[in-house]
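The letters A, B, C and D name the chains in turn, as written, and every chain counts its residues from 1.
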């Protein structure tokens, strides 16, 4: 059994209202020095060792990320 | 300027319907060998070098994660 | 003098006008409170209404918790000021740690708006004194992140001390643990509620008038502020 | 990297430009050069190409849409007509209502959630621009077959997007439609309607009047949203700039829009603007040219002042960007500080980017250099107009002639009962609460009627109880069989729905969804539909106040069913007198109003057989008017306590819906001699069922007789019965009907 992490982030040119809202809130929290925040998704998968990279990529591309607006990265840990 | 990544995951005892839904969809995709999926959040921050670890921890603990249901990890990249 | 009930407006509040209307229907005076105003005027109680306080993209209520207006509401609530959080208001109260637990994405992963049967489990808070124990009422719910979650100890403690205020009956709409639709703090003055009683104060525009009790209850209890 | 300036353009007349890639043809490009007496700069080319696009210029539809104005019936109710962002109707007591429906079809196919969400956002800003507070939304949706893979991808996203955006704005969703048909595979339709309210003296128009006044851009920053086309300009023009990749998917930020709405309403209330324009398709190009053309005539803009989300955007890209949640206002110098103060209060970014002039030119600079200098009217109003070839499709006769007479018709009670269960479970007739439960219908506390009522109804005024009712309807199957009649059938149904709720129909909006205008067959459908709608509106006395056209909804050479979606708005003097479609009074007699004929062309009965042919139900608008009169008067006089219009699925479907809403049974007997199948399932129009109050039978039948509306007593409501009984034929239990009716969508989309 392996632990696989998939991080999904919005493509850089796509508007990220979630990240913007966080940046807006930082002032209220009194935190300075954070210039930009982008919010994405983080998936942790428990997979059999038999699951190959191609399968993981297909899984990420169809179920975890929306390739129209997002990109993903896969990491075996 | 530094890039900081904060990953937020649900505590194990908290139900994760989104992760469950993905597990449910795997069958339809014909993907086997993935036993569990948990969905969390992934933040990418652009911060000044002056921002110290304590500030980042406070940011994660009070804003990015809700410690009642979530845990987080911080990584400078 | 009628009771003065403050209704907070965050930039993304949506049901603030409805809550104010319900307050007026109950015979009290609605006092508008602006999110950016750190000073709490002289009010007998406060309502945090439904909506999406600051967009709520991160977690519902996560940013509202830090609003200037909350800086005065949080200590006042700790001192006993009756505070009712409806839907988004409930989320804000949990994020502000005035109430335990949290509200997460509905188990069906969809927003749900429907008329919901509820059972009153505590009829002695300043917000529920107009009801009787086990009374069944119908009130709209409308939420995307309305699943109440907490660890087992907290849940047991809520149950053991009568702090579950209302429970879903006739089907759990969002996966809330133990069918919890509303809870209160230890003192009972702070109540958080996922359903929207302000949408059930007039049969013309809601499923009935079952929600009115939440607003008239204050008249029945001695309000300490 | 050098910007293409007016000066460069003058010096390099032969410089090749990618106008074709931007959608302009040779003649259109030549026309631009003629207007400017030189080649356009890249920025000017950007402006002309978006402003002269089909979407913005209506170049193929304009000559047909003219009829809506020319044939408009006389009415005092219309305060602002076609041509503005949205029409405005006087609903009495000093209240005015503005409403409009708009398509966001293609974006919803590419990215269903964001496409639908930004569709709602766009129409809401149109309504806001008129000076109105948006108070409700509706949505008319079309998808491929329920079992198509495409539908499973598109429908949940579209619905979540409409809900996600509308719910977050705090606008109740009070109705809409969902239909499935093969032709919408790859071409879903997402038409969003918004209605807004203001005092009659609060109307705002989109014009930049008064030289010296400030032009303010406010709301979201400008990013590279929706400007796929502009990258052509960038790469073809700047030698070393390389391929810039811009997103064409616009992401909505409903919180930003909510704040923008409150900010604008406060600005209107304090009377701080001369004119206002929303930024939708064509963004700054559209807002500047339209404001200038409608006002004093000139405007100077410093384009480099536009606040950017992406600092690498070129001027052309800024001009074409479709970033959401932005508005443009014209403000007099003495009110600027107050205007900016309101923006600060709501934390809305506001930037003065220009000034109104009387030069008759729209001039834009970029870092001090002149990059645009054109007469604004040439882009905004005087675009190309085409009289596209029209030709009745070759297969049209065949489609009409093969009329489905041969399909086996049920006869026995059992067969009829089985058909009923099958029809109520069919995707087009099944319960839509899986969709509508995702929409907030309660917010604002003024919703009197919403899904599944015939029409949505909202209260405008808490003291007088004045309100409005709206219904949106359209049946592409009917329109395919006969575009002229189909458009009128859509109008008639929406009109009837509004009347069934008790409201008096006043005005019309519409969205015309068609295939390619370059296909003469499609253009024939379009021309006939537009003519049908204009004639219909004249006959019913309800003017078209605005609308939208969406062309190019097709895959390859196969177009969607021509889909005319019509919204009818009616006024209700006292919303407490509204009528619902719910059976609720024990033993209340049920009457059927209107004539039933053997009409199945385009019907749902045909649809479940996968068949489309014949003629659609006949239209009788005079009868519709009489029927509406009966429904409204009977409601007002308290003679009826429920009313439900008959449409797809006919009498049987209407009875089932009226029974199931309150889970109340009914017993009916069909008229003697009637063919039971026809009586139950025909889709003849101009019909409704009502329940009459105790003791009001004579008054009610008298009213029908005077108005010349046939009525027939079908039977009665039976509070204790747990079934719907059609005497001598069958009984169907309410439980069984409910389970058939309400399982279809969840079974498919619940996962």
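Here, a residue touches a chain if its C-beta (ideal position, glycine included) is under 8 Å from a C-beta of that chain, and two chains touch if they have at least 3 such contacts.
Computed from a prediction, not measured in an experiment: that's the story for all the values here.
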Please state whether C-D or A-C has more C-beta contact pairs across its interface. C-D
Let me have the rounded angstrom distance from the C-alpha centre of chain A over to the C-alpha centre of chain D, please. 36
In whole angstrom, the CA-centroid distance of chain A from chain B equals 9
Intercentroid distance (Cα basis), chain C paired with chain A, Å: 33
Multi-partner residues of chain D (at least 2 other chains): 253, 255-256, 347
Which residue numbers or ranges of chain B touch two or more of the other chains? 21, 25, 63-64
Multi-chain contact sites of chain C, meaning residues that touch two or more partners: 54-55, 57-58, 62-63, 66, 108
Looking at which chains touch which, would you call it a line, ring, star, complete or other? complete
Spell out the residues on chain B that touch chain C in their complex, using ranges where they run on. 10, 13-15, 17-18, 21, 63-64, 66, 68-69
Under the stated contact criterion, what part of chain D meets chain A in this complex? 110-111, 114, 220, 223-225, 245-247, 249-253, 255-256, 309-310, 323-324, 347
For chain C, which residues count as touching chain D in their complex? 11-12, 14-15, 17-18, 21, 50-52, 54-57, 108, 110-114, 140, 142, 144, 196, 198-199, 202, 204-206
Touching chain B in the complex, chain C uses residues 58-59, 62-63, 66, 94-95, 100-102, 104-109, 147, 149-152, 175
List of chain D residues in touch with chain B within their complex: 751
